[in-house]
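In the two complexes below, subunit A is the common chain; its partner is subunit B in one and subunit C in the other.
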Partner chain A sequence: MTGKEKISAVQIEFMMVPTIIGTGLLSIPAIAAKLALHDMWLTPLFGAITGYITVFIVWKIYKLYPTLTPYQYSEEILGKWIGKIVGLVFVFFYIQNCGLIVRQYSDFITSNVMHETPLVAFSTTLLFISGLAVRGGIEVVARSSVICSGIYIAWALVVLFIINKIDLGQLLPFLENGPLPLIKGSMIHSSWYSEFFLLAFLLPYLNNQKAALKAGMKSVFYVMVLLFYVSFFVLTLFGLTSMNQLYPVYTMIRSLSLFGFFENFEVLVTAAWVLGNYVKTSVFLYVSCIGIAQIFRLSDYRLIVFPVCLLILLFSYWNVPNIVFLIHYMFTIQPFYFMIVQTFLPFVLLMVGMYRKKRRGNQ
Partner chain B sequence: MSVLGVKGIIRIRKLPRKSRKKNSGNQAKVHSSQDTPLSGEIEQNIALFSSAFRESPDIIIRKIHTDKLLAAVIYVEGLCDTKKLDEFVLGALISLQEIEETDLLTFIENHLAISKTEHLSKLSDGVNAILLGKPLLLINGCQEALALGLTQFEKRPIEEPKAETSIRGPREGFTETLSTNVSLIRRIIRDPALKIKKLQIGKYTKTDVLICYVEGLVDHTLIEEIENRLKRIDIDGVYESGYLEQFIEDNPYSPFPQVLYTERPDVLSANLLEGRAAILMDGTPFALIAPVSFFSLFQSQEDYYERFWIGTFIRLLRFLFLVISLFLPSTYVAITTFHQEMVPTSLLLNIASAREGVAFPAIVEVFIMELSFEALREAGIRLPRQVGSAVSIVGALVIGEAAVQAGIVSAPMIIVVSITGIASFMVPRYSVGLAIRILRFPIILLGGILGLIGVMLGFILIIIHLCGLRSFGIPYLSPISTLQKNLYRDSLIRAPLWKMNERPHFTGNFNKTRQSEDLKPDPNKGGEEG
Partner chain C sequence: MKRKKLLSLCISLPLLSGCWDQVELQELAIITATAIDQLEDGRTRVSTQIFIPRSISSGETGEDPNLGSTFVRDGVGENMAQAISQLQMHIPRKLFWEQCKVYIFGNQLAKSIGIRDAIDFLARHPSPRGNSYLFISEGEAKELLILVPPLERYSADALKKFTNTEYELTTTLRDVDMGLMGEGKSVVMPLVKRLKTQEKTRNEHQTIPIISGTAVIKEGKLIGTLNPPESYGYMWLNGSVSNSVVSITLEGFEGEISYQPTLGSVKLSPLIKGDKWIMRLRFQLEGDIVQNETKLNLLDVEVMHQMKTAFEKEIKKQLELTLNKFQKDLKCDGLRFGRKFHQKYPKEWKKVAANWDDKFSEIEVEISVDAEIRKPGYIGPPAAMPRDEVVK
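And then the complex of A and B:
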């Protein structure tokens, strides 16, 4: 199934970073601030632990089955039928989650940049171009994400222009209510960091097996640095009011002014953010499509790309009625849901897989 | 009913195809009858040739009848050097005193002061040789004819390349004559490793096509692939290398050129030494280079001839203007339609007051202006030179003040369109400029519908397309998208020559080292004189 297509470790890093922070950047700082208050700037660092654990689990299973995707090795590990069910859980999870991403993306744009254009205009266009990329194959997704992520992440430098407005006093008091708020805030991050399980679907295409762990760990590190960087500036600029904003990062960029002449270039930043979202959607879409193809033994996943796009479009409406509900969902359900599917389930797979291998070795 | 109708259509479409097949079979038969071997009887041979060349007044058949020898020379008037033919062939034949009967042809060949001769035994070969301008010598009693290399025809002298001018660099350009072009390359790469493969393409034009490469630097599968793709071309005629280009591309639907063309021998040789292959064709000064990447289309010879700072600066400028020419009009439309708040207030007021009297929305305005600009540009190229000035005067009026005063377009729009126009000339390769001109319009449409988000989606679409594109198996956006080592050295910037020790990754894999390490000039290295 993996064919001849190969991608490099650095390309995987370029794919993973926007895949995690694409939507995380929007709402994580606000939700984390609600829970962790003044310690919000530290939450990315602690949340990253989930990321490192997930990458480690992924890497351990990858060493057992270096050419198989999770859909395939779950059948190897748990047997044909239970394995297929686990595979379906993954497929459903990623299709539903992709719907969430698309919804978040179009909600953000219609509420901030293009007020009168309907949601569906942005959902369909994003899904359409992601579908085109996915039909091109993993190599096209990887190569285009190198360029898109490069431009996207370069925009992070813009934030530096507010450095004269920040107030470091907002970082205090340090650990005011003990470590518990910090841990709670980090849990919010965990739902995004657990998405590093996506790595498991990309590693079978890696051209250099030895670079797998390093690539995964490096991308967790980059995500951590970026989230830390953004959370730090959000907290020092807004203080605790950041928790009352829907999109604090966006508000922060709105307040930027260069030389008193260039103002309001949040639209440009939003446009660049589209690049990151494109990478994120294509990776999710790709994972969903190869999932269906591999579970049902289709000869080519390309045929089902656009049908899955349509399904994702529907999920983007079924998932959440409005943004307030979405925030609540991220606050209460998402961390546990995401970690169970993307960290705990792989952990079970790893344990069973290792046990089976040991037993086979003994016989 | 409808099903029947569809079937009927299919049948009707099928019938002519079958008949066409029969026709081509007949043609093949005619061709095979031309494969008849030449006989020893000269009269019979002359009859064969004159029947093949009936109704061709430019074919001259000159018989020579001395008491020793019966011979004939057949040639096309104007394609061979008649002076030499008279002096060295006819003169020699007439003045022959004795002949050797045993090996007549070789005997006569030895008495002709001509360096390039060929023995031919078939009618078709003889006909081809005559059409290529080689006079054919038939001798009574010989089964073979002698083709004499006296080809000479009117040709253009070597001139400065018109489409790729440069301030610094050699002033020689390719011409329409293949032999001249090959000699120009041979004069630069003086090494037997320069290999040339010859093909003939076109049923009627029988155009000579050469594949040039440097042995040891190039991947042999590439040469085989190019040869196979060229051999598949089965058409009536090729008139320009653009014909070949469109038949050997990887993705024929892409607006982007997947093969580079050049009329400069220095550019071609440099590319050959980077492990690429070149395709030269008779009848056109434009040679093709494959495989190429997107970034090699932005390299100009002068980047390398000037200091590296200048090369780097100009290359970055080109990329900047590539982005401008592709996205400026659409961004302008998006900002004036959807995101007015982005424009600084004072500028916004100016734009608003300029647009006040304009009847059309920005997107219509942009389409009017861009289309008329494209029309003017095209008219300027095609018109005879005497009328050209009239076009530019009218053009200045259309794109100039009159249009603003009439309230059809606003003044800022004219600035946008003219900057875009200039920007599209910044690309050193004309064919990329063409692609960008076409792609601009759908992006304007996207910008007019979805604002800057739409422009960005257009950008992603182009990136996806370019990432999927390959030129003879090499990713089009390499080395950037494939993240090769030292990817920036000869793509985004032009590194100093003493830094570029390796050939480009994909084409130069076969033999990586280009030059010795440590070539950086340094007065302290001095050498022996110290």
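And then the complex of A and C:
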């Protein structure tokens, strides 16, 4: 089913990193600061544990079924009908979340750069480009993401210019209210780290099976370093005021001024972020499309790419009425929702799969 | 295939131009500074200094330089947002806030309703930046915008240049936000006033705004100002020492010796001993002697030692003056001691957080000053004095 398309381990890393932090960067630091206060800078490190666990689960199942995607092996593991239902859960989950991503992206651009442009202008263009890439196949997505992610991550260097304005004192007091706020803040990160389950949909195309675990773990590590880097600077620059901001990272870049005349970096950075969001949307869109194709045994997933795009566009309006609701959703629902679907459900699949294999081995 | 390419080209053409948000430069009114005042009837007036692009390009065409390169327009409303909406109606072009780096709050506004409402507007609005500079004016804020500086292009430019120098206190929107939200609920901001010019040849408005002192804001309201020596003390407590001069007299000698520090560093270490809260303040500075009015030859180890002790005593006295002002007169933690105690003693902090201001005024401050004199200037003995009159 996977066809002849092959991608390399490095391409997987380049695809995964923006897929996790694409939207995470916008809002995680503010929400984590609200919960963890001055311990916010440590939350990415603890949240990453979820990422490592998810990658480990994905890798374990991958060793059992190296050529199948989760839609296919859930049918193998749980039987045809229950497997299909689990597959549909994944499809629904990724279509809905893709809608959320598109909405967050358009909200971000309209509230920061182009205030008068309607959301739909950004949603449609992003989905159109992603749709074209997904129709081209996973190789096209992978190759374009190497370029896009490179530019996307390069903006992080710009943040270094604020290094003379930071106040390390903001990192203290350490664990003021005990470890609970830190754990709560890490839970916010966990919902993003659990998206590493997407790796399971990409691994069947990997050209070198041995590199799978290493590629996954490396991507978690990169994401952790980037989130830590950003959280650290946000906290040391803004202190607790970072929790009042909707987009603290963006505000941080706006306040950058180099030698008094290099300013307005934010436009460049926004342009780079568009590329990162393109990678993220493409991966989600791809996963949703092959899901429908594989569950309903379509001969080619390419036919349904644009219809799914339209559905995602609608979901971007259905999901959230405004950003206040979105942040509330990220606070209360998302951590549990994401971890149940993307970490716990695969864990169940793995357990049942291992049990079946053992029984088959005994017979 | 060809049709597909054509189609995608047609789709992308209207989108690439960014049609909704496109603004031509000729359609913009570029704001260089904003002054926010409270009128007598309680309404808010927002005055903006708007840049006239033509006057820059026509530098040598014989245009009257007195015309200035900016003009000032007002908007009045119940609050800042309404005032700006009215201001927009007075200007045919679209207001452009991105370049505005200077915001001046009128004294009356800061005293009565406070600056918090305006800060909220600035932080919420997408255009003003976190690193724009905020000032409190000694009188009406608008008055400072209409000044025409003889050297700079416009008065906001002059103020902005002051903020680049190390010896002036500067606060950004971010600092104010963090300060008022922080432990001390207060922030210290520069006070600006118009420099009175004596020159007869110049007209009344041809002068600049200068930073004249220090304003203490607590919970959004102006509660007091620091006089020049206290302001120096405050600057020292932030480790910025350049352009301050300390003068002493040595016992038995007429005249003063002046010392100019060039490098300074402050270390604050909080300590809680039982019930007593102590802040240990270590102030290290390095500098040179800049003037000697006495007959002493400064190239002498013993004299140097005497001077060092005297300077340290004098600096300590000035620091105490500032600390006294904050602790006893204003009862307001503008020195961010609360942050330091919170960092080191989070548990003890929680108990006093509610009435921190009372606790703050009881803090014992142990000051130790180390004023290093690097050199007595270019010469040792006093200049322009016969050799036999020089002591030692």
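The rule is simple: the second predicted complex is superposed on the first by the 363 of 363 C-alpha atoms of A that agree within 3 Å, B and C clash if a C-alpha of one lies under 4 Å from a C-alpha of the other, contacts with A are read in each partner's own complex, and residues count from 1 in each chain.
To be clear about the criterion, a contact is a pair of C-beta atoms (placed from the backbone, for glycine too) under 8 Å apart; a residue touches a chain by one contact, two chains touch by 3 or more.
Everything numeric here is computed off the predicted structure, so don't read it as measured data.
Student: For the overlaid complexes, name the partner, subunit B or subunit C, with more touching residues on subunit A.
Tutor: Greater contact footprint in residues on subunit A: B.
Student: Of the two partner chains, subunit B (first) and subunit C (second), which one does A:G239 touch, if any: first, second, both, or neither?
Tutor: Second partner only.
Student: Looking at A:S257 after the superposition, I want to know if it touches subunit B, subunit C, both of them or none. Which is it: first, second, both, neither?
Tutor: In the superposition, A:S257 touches subunit C alone.
Student: Between subunit B (first) and subunit C (second), which, if any, makes contact with A:I85: first, second, both or neither?
Tutor: neither
Student: Considering only touches as defined above, state whether A:P118 meets subunit B (first), subunit C (second), both or neither.
Tutor: In the superposition, A:P118 touches subunit C alone.
Student: With both complexes overlaid on chain A, does A:F265 touch subunit B (first), subunit C (second), both or neither?
Tutor: first
Student: Contacts for A:M351 in the overlay, against subunit B (first) and subunit C (second): which applies, first, second, both or neither?
Tutor: Neither partner.
Student: Once chain A of both complexes is superposed, is A:P173 in touch with subunit B (first), subunit C (second), both, or neither?
Tutor: A:P173: touches subunit C, not subunit B.
Student: Check subunit A for residues that touch subunit B in one structure and subunit C in the other, and list them.
Tutor: 113-114, 117, 121, 125, 264
Student: Please output the residues of subunit A touching subunit C within their complex, sorted ascending.
Tutor: 111-118, 121, 125, 128, 169, 172-173, 176, 237-241, 244, 251-252, 254-255, 257, 260, 264
Student: Over in the complex, which subunit C residues touch subunit A? Could you list them?
Tutor: 11, 15, 18, 20-21, 98, 123, 126, 129-131, 164, 172, 174, 177-178, 181-182, 339-340, 342-344, 346, 349
Student: Inside the complex, what are the residues of subunit B that reach subunit A?
Tutor: Within the complex, subunit B touches subunit A at residues 338-339, 341-342, 344, 449-457, 459-461, 463-464, 467-468, 475, 477, 480-483.
Student: What part of subunit A is in contact with subunit B in the complex they form?
Tutor: Residues 8, 10-11, 14, 109, 113-114, 117, 121-122, 125-126, 129, 132-133, 136-137, 139-140, 143-144, 146-148, 261-265, 267-268, 270-272, 274-275, 278 of subunit A touch subunit B in their complex.
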